[in-house]
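What follows are several structures.
Note that chain A is present in both complexes that follow, paired respectively with chain B and with chain C.
This part shows the complex of A and B:
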């Protein structure tokens, strides 16, 4: 008979509830993530104020306005950051805004180029005229300091090494005062650099942030203060944004998996605690 | 005063550019040689001086009043060259990293240390990525492009995603094993975590979907409770932490700028 480690007492059901084999947990998680992708679960979804604010901020930019989209993420957070990138680009291009995309991450640069190219095709956006990709830019701090004063000087070439100064999309853009909004999609705390180095340089600039869900809570004070106009929180935020721009993307499809995974975690915590409470009550 | 420097760093016509590049490379090699052979006691003051001047540049540019007509001060025009210099330094640190990897793992392979085959895999992967990346960027070879796509988009990105996805499995296992309500604080933490988690997913919204969207009872909807926790309780705590971090960061920045910092990286013999 199985015994509790370190004791000779036989293990009962309450002990077992506290020590489910981790392989069982892994299989359960795998099932609840994969299953909803094949059997979609439709659940009501309320748009959070943080997502709504970001949407409204983009809506308030006049047609032809200039938006910089920075994509500081890599394959590790693709599940969250990819739908965020696609959702925000869809909205920007739907609104016929001029878009400049770049990344402080090499993988993010490749991802964002692929996504932007696809969305641009859907909206008839012409490269160089309506949008541009500045490519991968290392050393975020110095790039930010530089773009505040001189955008064409900071991004002299696009991702393919072509000069940007003659591109129609760059016309009339000198410094940060000519930019209407910056949207950062990131898996890191880079929003602090944007706020510290760039946002204050143009009081009219709208700064939106799309972090992974785990990072979202730390950004709330900055939304309260108005330094961040809105937040798209992880995959949930992306799903809400997809709803707002009337599209069904990866985030909406993934909400079933996310929901069930959350429920599984909560159930397991409850099960473990029930076992713990009963065992403790018996001992006392 | 800075005009000759600005002229020197301005864009050069293509016919003279190769000479400038060659000159810069030679100068860099010479500087590295001089720095390597500098006596140990001279290195620290030199590092302190360069650190101070670099910090002084950005601090002066930030705090010095601007001319309202041009929206600039006398240092503003040098921000872009300084940022380019920063990018170059970033590139040089990358070179240092590569050299260090080659040295450490080359030694592992040469001495057939335990796990030497992992070092082989690392070096082969690194060299392949660099080689095919350069061929893709500067060559007109379709084969190289395909190989690079397989390496970068087919392998690197997916391996990165796989590694990160594993966290989900560990989180499930760890939260199940470690989250026990042993005290009042732990109970409050768990209830809060549950409310935020439920508010984060549509299934949580579904639980209280029967409550009205507006009015007093709307506050009891799980997504509104989550929003209240995040924007009120959480934000207040984070503000306090951020304030402390800010003050600490300022103090540390000053200590580093003035080379007053002591400890692991600052007192080592160089």
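This part shows the complex of A and C:
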């Protein structure tokens, strides 16, 4: 809808509707994003089945169960992946499950450590006893194949270089058969590696995935086939999960802004198309 | 008092974040030197951070500590083998870089084979669905049957669109492919819709940071 340099000036209202200056659109977008920060809009939120399934999968893990949380994301997708990470960790720690966090991304390792430390404080989780952070690990395929057979051998040290073998949180954990669930929070297609190399190795293993919204549609066939137990889709999914675990985080606060922005974009698409149809009808 | 000090110490980082955010957002108006400066700042920061993490969490515990502290000298052979990658920059010894590349390709190929079987065979098995579905108590589940029927129609029509090996002369195949194309366009629309949602989330995050963390106008 932006004015193309070198084209003739718009003639009437219908032409102008198809050539609104992009800077005007940006200002409108900023207004609808910022406005709900000052005038909160709380819209009723219906939890999607994909989010509900992930929640139920975590609920079905027996107390003291073992969950690996992988956080393959960086600052670029912080808006979506950070509330997802926080929401899932809150649920895991609320349920008193043992948690091991790590990342295939350098930034993701630092982000997830900060988030897990904060949530652990809220739930009285002790590092090394109730949870551990294995740090950053490169080359996902090698790590996955290795952890299927030998978890302590794959993660010999935590992110600070401390040996993990004597940590209480690692006791009784030998291979993938001792793990109840894996939750991957990612901005990439790494879920395919988990499904291909790890999920099949333990039929009882629950694999949950928290992708950015862009990636969510392509993951649905895997949930349909049961290879993924549930999906938390972007910020919207995180907001739903926050609602399920009774907390208000960044995702819940952002839903008003995002809903308004969607309404604006839909209106602009309609306006642009009305202009196009009327102009075309006149010409013909 | 501790909280106050923590807050005071965090302010410079928040100010730096706010200035960088605003600097990058100047691109909305047009391409400019301020945007390019902050873009390079971000690239430099990300690269520097990655190097530090790599040294601290990989090279130190998996190379330096075993070799120099525990005497496991044999790991140096693996390290030397990895270093052969850098011969890719040499015209004369370029062939040496093919050794680790070949090793990795072989490893990846084997891994891909296993991954393919585990990923797609369950998908294939799941594609065969009953059209007449019953609930555990034996009654007819019409909704599940309709869902399965829709799934089968979509599966077959989309697959028929990808029959490129022969000319689609049959009217049935042509119409099926046409329907499959429409169905895919709906899917692409859904993907585009979620893309917009993702981008709005990123914008909200930055605005929340500016108005809450930096300006403290919102709680």
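One rule holds for everything that comes next: the second predicted complex is superposed on the first by the 274 of 284 C-alpha atoms of A that agree within 3 Å, B and C clash if a C-alpha of one lies under 4 Å from a C-alpha of the other, contacts with A are read in each partner's own complex, and residues count from 1 in each chain.
Quick note on the criterion: a residue touches a chain if its C-beta (ideal position, glycine included) is under 8 Å from a C-beta of that chain, and two chains touch if they have at least 3 such contacts.
Please read these numbers as outputs of a predicted model, since none were measured by experiment.
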item	value
Room on chain A for both chain B and chain C (clash or fit)	clash
Touching partner for A:226 - first (chain B), second (chain C), both, neither	second
Touched partner set for A:217, first chain B, second chain C, both or neither	both
Partner chain in contact with A:181 - chain B first, chain C second, else both or neither	neither
Which superposed partner A:265 touches (first chain B, second chain C, both, neither)	both
Touched partner set for A:141, first chain B, second chain C, both or neither	both
Chain B versus chain C as contact partner of A:25, first or second or both or neither	first
Touching partner for A:273 - first (chain B), second (chain C), both, neither	first
Chain B versus chain C as contact partner of A:110, first or second or both or neither	both
Which of chain B and chain C A:170 touches, first, second, both or neither	neither
Clash with chain C (superposed arrangement) - responsible stretch of chain B out of 2-10, 20-28, 74-82 or 200-208	20-28
On chain A, the residue positions that both chain B and chain C contact, one per complex	26, 29, 33, 74-79, 107, 110, 137-138, 141-142, 145, 213, 216-218, 221, 224, 233, 236, 258, 261-262, 265
Contacting residues of chain A [partner chain C, same complex]	23, 26, 29-30, 33-34, 37-38, 74-80, 106-107, 109-110, 135-138, 141-142, 145, 156-157, 159, 161, 192-193, 195-197, 199-200, 212-214, 216-218, 221-222, 224-227, 233-236, 250, 253-254, 257-258, 261-262, 265
Chain A residues within the chain B interface of the complex	20, 22, 25-26, 28-29, 33, 43-46, 48-49, 74-79, 107, 110-111, 137-139, 141-143, 145-146, 148-150, 153-154, 213, 216-218, 220-221, 223-224, 233, 236, 255, 258-266, 268-269, 271-273, 276-277
Of chain C, residues touching chain A in the complex	28-29, 46, 49-50, 53-54, 56-58, 60-61, 65, 107-108, 111, 114-119, 122-123, 125-126, 187, 190-191, 194-198, 200-208, 211-212, 217-218
Residues of chain B touching chain A in the complex	58, 72, 76, 79-80, 82-84, 86-87, 89-91, 152-153, 156-161, 163-165, 168-169, 171-173, 175-177, 179-181, 190, 194, 197-198, 200-206, 209, 221, 223, 227, 230-231, 234-235, 238-239, 242
